[in-house]
Amino acid sequence: MPNFFPRWTNWLPIKILIGLGCMGTIAVAVLFWVFTPEYSRAGYQPQQPIPFEHTIHAGQLGMDCRYCHTFVEDSAHSNVPNAQVCWNCHSTGKVLSDSPKLEPLRQAMDVNYEGYTGEPIQWVQIHQTPDYAYFNHSVHVNRGVSCVECHGKVNEMEVVFHAKGQSMSFCLECHREPEKALRPLDQVTNLDWKPEDLDRQAFYAYLTGLSKGHGAEAPDYSEEMAEDGPLTQKEIGTKLKEAWSVRPPEDCTTCHR
Amino acid sequence: MKRAFAYVAEFDSAAAIYHAAEQVRDAGYKKWDVHTPYPVHGMDHAMGLGKSWLSGVVLCGGLTGFCTALFLQFFTQVDLYPTVVQGKPTNLNTVPAFFPVTFELTILFSAFAVLFGLLAFVMLPRWNHPLFGSKKFARFSDDGFILVIEARDAKFQEADTKEFLLSTGASGVELVEEEF
Amino acid sequence: MATETTTLRGGVKAAELEGIKRESLVLNKRSMQWITDRICGIVENRQPFIWWILFLPSVVLAGCLMFTLVYLVSTGVGVWGNNQPVAWGWAIVNFVFWIGIGHAGTLISAILFLTRQRWRTSVNRSAEAMTLFAVVCAGIYPGFHVGRFWMVWFLAPIPNANAIWQNFKSPLLWDVFAVSTYFTVSVIFWYIGLIPDLATLRDRSKAGLRKALYGIFALGWRGGNRQWRHYEMGYLLLAALSTPLVLSVHSVVSFDFATSVVPGWHTTIFPPYFVAGAIFGGFAMVLTLMLPVRKLYGLEDMFTGKHIDNMAKIILLTGTIVGYAYIMELFISYYGANKFEADAFYLRIVNGPYTWAYYCMFFCNVISPQIFWFEKARKNLWVVFIVANFVNAGMWFERFVIIPTTLARDFLPGQWGYYSPTWVEILMFCGTFGLFLSLFLLFIRFLPVIAIAEVKGVLPEADPHYPEWTALRKKRGLQPDGPEVETSHH
Amino acid sequence: MSAIKSVDNLPNDGEKFDSSKVALVKGISLILGGGLTALFFILWLFLPGQMQQSMAYSWLFAVVFFMTLSIGGIFWTLLHHATNSGWGVVVRRLMETLGSLIPLYFILALPLLLPGPRDALWEWFEARQEMIQAGKDHSSPEHLEAAKAEWGQSVAAAEKKLAAVKAKKEKESATATATAGEKYNLEQQVIAAEGKLEVAKASEPTAEELASEGQLHANVGLYKKRGYLNEVFWYARYVGYFLVLGGIIYFLRSWSIKQDQTGDFRYFRWMRRGSCGFLPLFAASWTFVVVDWLMALDYTWFSTMWGVYLFAGSALNSMAILIAALTWLRSRGFLKDVVSMEHYHIMGKLMFSFVVFWAYIAFSQFFLIWYANITEETKFYLTRNTAYWNAYAIGFLVIGHFFLPFAGMLLRRVKTVPYVLTGIALWNLCMHVLDIYWIIIPERGPSLTQGKEMVIPGAIYFDILAFVAVGGLTVFLFLSRLAKASLYPCQDPRLEESLNLVN
């Protein structure tokens, strides 16, 4: 009476075990990647009705973010500019007014244009906060959180894309360690800003000014001023956090109201 | 190529094989086994086998589960994201609330330790085995009481061992061969 | 010597031992071969016609379950009737009902194994199978009750982009751990128990797919004592692990209610009371399923009147324990002098929207099993079957009483309401029965419904000292095979 | 595995317990028990008020502790019969004897029924007197008169109102412009006013009503449970417990001894059937004993698990004392032939399982109360969290009562070595002493000092005195009763099965 199962089957469990081990490792790796913030929405780059180039406007021309996104300092919502803002420069007879790329703008603004409709330009929204999360742009921008922290170096993007996965952990990381992001208010829209470029004396003078503004007695920064070497983000962030009393809340109701 | 693998001796009852096992044990055989349809009570003693140390493996598994659970809960609830919910503190004093999950994971890891420990201890799965070539042997899963002495045993000698098995009261003895 | 000790020991007449001698667990002196043939025959032969009569409707019902689930997911959980104030409706009632039934199997086989109750051998396999299927049915409900089923993986502690972790202080999360652990351990327990029997089926199959499949799952089991000794240790350890596990799982389910401050839910006796209820309901379900199976496949010699008698007694005992808990709840709601607690029970038993359910529960769970005080009732299979079904219904009512009764009358009279299920919930509940029965029937069809190896182990001749006992009995003038005393029974 | 043991090799009338072999222990226990009990009560008479009151707690603690062991003895006997067990026949006489001590504790508890110690232990007696007094005050003749006057005014007002409504109806329905709706409305107003008058007339205040109202206002909690917490019912229950618990074990033990003498299996059947029926009675009695004696130490506190909790500790520690007693008896040369290591193993397993069960119940009770955090429940644990009781509970109850014995008994070998197992059993007993102490004594300080002190200084010496006194009496009575019959039921049909026990 021969064996029903051939001899090689005795090695099968080991082989299966190794196979399962490999597959498990791959599965865990894939899942881990899927669950990381990089995956979520980052890289989203829709085609816009007008191929607006931030590299030219914000990069070469050095236009401030707030020229177009006007409400960002005052409102919870940062607006996408309306066609009138574009029209300021691109109206008939001004910059590149004949460019075919600007056709949607003329349709919106140029009453003499044959294709005039008056309809606004249908910009595609890239960064979208979900309904269940409350986010206030102004409170961040007015406390030294730069645009670059969430949106990346937009001034280097030919076509804007979703640079960072804005998951909940992304928000939380910053709320837990805000000193990694804070910078002087005048540098908030400077996307190329580097902490080491900041002059030590000027920074502490700025800090002293901040404290005075609050009516309290200014701390003595003479020791820090006397130090050598370039400023670091950590030093700037920590001092600003103290000066502004930044204490980002972490409980659920902060965002989920 | 074939060679002798073992003698397969059949016995009529649990009592018979119990006493035969005592004799085989006393004769000094080492590589032998008793195959029965159900675990015969006291056979470990008759074969001179000690206690199974599977329990030690399971204890280790349980302790691993216990530590994993406590680490998981303390790390996430106290260290990583302390949230005050249900009016419970976010420090060591909240530990009663961690007991249920700690308990469950201890049991879960222990059970896995039983499963994998057992498979390792009995060296299964092994689907191909020379004994499956024996018709006599196949009765072990029905009502056969089978005593097997392997040829690898130092004391194994074809003629003597067969005679010895018959003298212990075996009702039939068969030589099983294996391919190699 | 026997004659010297006069009437007391030596010369006992068999008639005097009536009601005292241990009854045989396998009747009619069946041999091991007969046991193998009879149990394996169920799997190897064609199924009786009635199997198909039961199977087809069960599959249709299981299909209804699938339909309701698809409908639920595609439309939204609003198709269920639960809403404020009764946010936990049939979904949770049925979850607790099924999980309660699911507790019995492993509990029965583990506790009875630990206490060396050898009559468990005929019951445990089907009870464990029933457990698994019931847990499958139970698991459906909380999974869909979370609302967005595709987000159910949020229950697992996996690092994710939200940086939030499960709330390990919440009873609902304990449930996730408890139920999934329970299912896993039950599968392991069941499978390890199956290995020797799968080997038997393997050795009986001639060739082909059947032999291959049984062979693969039997893992090459050879039944050597060097394997058995580890196997027995492993089985013992699993039983020892399963027993507290089952206790913990239904305790954790009871924590879902008892850790709250809701009157009628927050009661310290809940954990043991739920566990007793689970054993109670589980035995009833085992009887409901096994009485017909026993008859249909001719298993009366292995699943004897003694087994049914024992199970009826356990139902009586656990039913009385459950009654104790009901009465303690009532007593403390009076003695505690807490207005809300007292009102909750007033609404349950005197004048509330679901008072009828309380009395259904009380009758089915506490009163009806009391008939098992009478031996005649325990011997009458119809009575046993009917009471078992009363208990099944009663245990469902128990959960129903706990959940909507309390929630419908909240602290705030302004939001009082009345809950009744929608057709989706009703069809879904019926569907889980379909799924449960289909799985159970498939189990009968493909796997040994009684643990073959274990039944062989309780035969008198399985004891290696059987000849000595026979000799002793002969000396006393008793029948050699009537085991009025046994070696290892306690 | 050795050959099977046959009952034929045992003496027909069992094994007599020869008291002379243990005369020293018996004598010492009598002297300690009797002498110290006398000393305790003499001191009680002569000590100042607060110490006298605190001694009531000492005595309750000692009596309840030994009572739990006896209760466990009854339980194991009942369980043995009800489950048709065979393993424990050889030790069943010890269980029966332990259980049969129960009347002793009811007798020893008698002094606690006297008003002095009674009121010191259970504040509800005094609170109830105050409540009744408040009721009496409220229903005094002046109060009744005032209430009647008030009632008269309200009736008069209702009559006046009715008259006014009627008049309005007459007037307005007579006008030509009155619509059917208006008429109907007026009619309804009259009906409503009539109803109100009727209600006002019916609510004439009586002295009884005023009394209950006064009681309700004085102590709403106690008023609501007056049907259960009142003197008459309380004393009646005491008698009831005594009869039920004492009766159960009296029957079981005497049937068992009769079977020894006659060898008639009829008694075996009686014991089996009786035990099944006794079990519910037993459960109910013990539950309410601990409600009355322990839970009511603070009559505002409650827990549905209480009975189960005390039961778990009793069963565990009665098994522990059985193991200890067995080892001691065997060391004196008794029960050598019948009891094997297998019996130790199974008793060890039972003790182990009840260690787990006790922990399960204790944890669940604590956990649910801790988690829900409701004022009236949490007070039990709050009292026991203050002063040194917190460290006490964690050290002795969590670690000492559960973790250590649990870890200690995990190994199989431990349960088959009598002296090791006895060591663990004694440890468990010590922890049980501390458990009962923890249940009763933390109430003492706050109760006797109106919450000012947690601990009464010096009272612990009386706790020890009472413990030794009751313990001495227990040991003496246990040994005396043991000598009354064979040490094991020598004619039991399950004896042979028990002899050949294999785990």
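The letters A, B, C and D name the chains in turn, as written, and every chain counts its residues from 1.
FYI, a contact is a pair of C-beta atoms (placed from the backbone, for glycine too) under 8 Å apart; a residue touches a chain by one contact, two chains touch by 3 or more.
These numbers were taken from a predicted model, which means no experiment stands behind them.
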| Starting at subunit A, what is the smallest number of hops through touching chains needed to reach subunit B? | 1
| query | Quick check: more C-beta contact pairs in B-C or A-C? | reply | B-C
| field | Chain nearest the global centroid, as defined over all protein CA atoms shown | value | C
| task | Report the chain whose mean Cα position is at the greatest distance from that of subunit A. | result | D
| note | For the pair subunit B and subunit C, the C-alpha centroid-to-centroid distance in angstrom is 28
| remark: Cα centroid separation, subunit A vs subunit C, in Å, comes to 57
| request: Report, in whole Å, the distance between the mean C-alpha point of subunit C and the mean C-alpha point of subunit D. | output: 33
| note | Whole-angstrom distance, CA centroid of subunit B to CA centroid of subunit D, is 47
| Among the residues of subunit D, which ones contact at least 2 other chains? | 1, 367, 371, 373, 502
| message | Counting only residues that touch at least two other chains, what does the list for subunit B look like? | response | 41-42, 46, 51, 83, 86, 88, 97, 125-129, 132, 138
| note | Each of the following residues of subunit A touches two or more other chains, namely 4-5
| Which chains touch which? | A-B, A-C, B-C, B-D, C-D
| field | Complex contacts: residues of subunit C adjacent to subunit B | value | 31-33, 36, 157, 163-171, 173-174, 177-178, 181, 184-185, 188-189, 192, 196, 199-200, 202-204, 215-216, 219-234, 237-238, 241, 244-245, 248, 252, 255, 259, 452-454, 456-457, 461-467, 488
| said: Quick check: in the complex, which residue numbers of subunit B touch subunit C? | reply: 13-15, 17-19, 21, 33-44, 46-47, 49, 51-52, 54-55, 58, 72-73, 76-77, 80-81, 83, 85-86, 88, 94, 97-98, 100-101, 103-105, 107-108, 110-112, 114-115, 117-119, 121-122, 124-129, 131-132, 138, 140-143, 148
| Contact footprint of subunit B on subunit D as seen in their complex | 1, 363, 366-367, 370-371, 373, 410, 412, 502
| Complex interface listing, subunit A residues touching subunit B | 1-10, 12-13, 251-252
| If you look only at subunit B, which of its residues touch subunit A in the complex? | 83, 125-130, 132-135, 138, 179
